[in-house]
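To start, I am sharing the structure in question, which I have written as structure tokens.
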């Protein structure tokens, strides 16, 4: 179930030579790095940078990653990567991502994460994250 | 539909520091590189290394990539990555992958590819690939 | 011989998890990627993006890369990478790079490149590059 | 000063698509990953895998990395990377590396490391490393 008004954040990125492969396009695994860049920005935008999240004793290991490739990204492209909280349910967090060049959708997908504590076991997310997500949603709700 | 007797191939790999992240485990995007290593081995084992495939005027861009993370992989782990042809149907090739440390399943998933020609458009796979897959399947069938 | 008033350019970059290793710092090879990001920006700032440089039939393969690591870079650090033309002499281009976090120097070094033509052989740089570098230097000279 | 009979070790590696860039060759930063793969093998061959080294409370951060690129490495090349202890002097360890395809030298270079303790400060290397290096040298001496 995808809800409206999910918190989201985006970053811009200029594609370096490093990310290309000999087909002359961005190597497919790098899109998961782009996803992570935007997820980290999303956490920062929620007032809970991942480094702070870790300090609080939590982790967000990836359980699943899915990427759909629509059009190739190329060297020197200036892309925008957007991450959106799709769902936070129990100990699971699902984050959607899109990679665009201007209005063109190059790739999209999502990652599913477990919220874990210091012992590596699943644990309820910190109130900071729950609040950040609900506040952020509310703010957006209020704005409509 | 997953069929029996699919051609498969595997490679071994010792995990370098480069692949880890600050959680002390292999960074999640790297598993797609592991998938690719095994896919390339699979093509070689079919007598059709990817470089030859390209020389014949074909390409295999990735349309989708899916990875399920079960257990973390760590620095210096000696892992085995296996790629298997799950399906070759029309202009689509689906390849399954597993990443194991000994008997432990660390991750699995699959990639979906389009077979394209020099003009970048979908095209029937070369007979070399069709033959390689059917011969390989037959050999295995015969052995059972 | 290092001359004054060399053209230079810089970019900013937020360090993703992807770049770290299990020592909790940026993996050392990634600094060469940072160098390249700034070199590409340098070429763009000279009005000769690398993609255009290639279209003109030229290449800039790396002959040497040297990096000196002063302080570790960490996840979420916001760094500035600066590339400077140190020398363009005959068919050789030497580009210096620094990686800073605010005023702190994290790493520096340089890369040495050959200017090559379509046949892969060393060739005099295109006038566009020579002009860009001398004009850029002149502008800076004029400004002092 | 480079001494004879330095301990060395090598590994083999099949180049994946992931390592190439749009020039159709291995991206230059990846050679530092190759260096690290061979360094890790060198430590293992000395009976002191890096993970054990870390358990003993030591670290080997890189102070300098230098790479000289002679010939391009390509997709599917089967390369051999060799790491050699060039010098262990005080708290500094210098390791030389070569990357070859058969007899062809593709790249070489070296990394300079500090031996550090848990507090991050330079410290004399563990006797295990000193012994491993001297024993290994002696064995080789004896063999001549």
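Going in written order, the chains are labelled A, B, C and D, and every chain counts its residues from 1.
Everything below uses one rule, namely that a residue touches a chain if its C-beta (ideal position, glycine included) is under 8 Å from a C-beta of that chain, and two chains touch if they have at least 3 such contacts.
Keep in mind that what you see is a predicted model, and the values were worked out from it rather than measured.
Graph distance from chain B to chain D, where chains that touch are one step apart, equals 1. Farthest from chain A in terms of Cα centroid separation is D. Centre-to-centre separation between chain A and chain B, using Cα means, comes to 26 Å.
Spacing of chain A relative to chain D, judged by their CA centroids, is 36 angstrom. Across the assembly, chain B contributes residues 17-18, 23, 25, 29, 33, 36, 75 that each touch 2 or more other chains. Across the interface of their complex, chain D is touched by residues 11, 14, 16-18, 33, 36-37, 40-41, 44, 49-51, 75-76 of chain B. On the side of chain D, the complex with chain C involves touching residues 23, 25, 28-30, 32-33, 36, 59, 61-69, 72, 111.
Of all residues in chain C, those touching chain B in their complex are 17-18, 20-25, 27, 29, 75.
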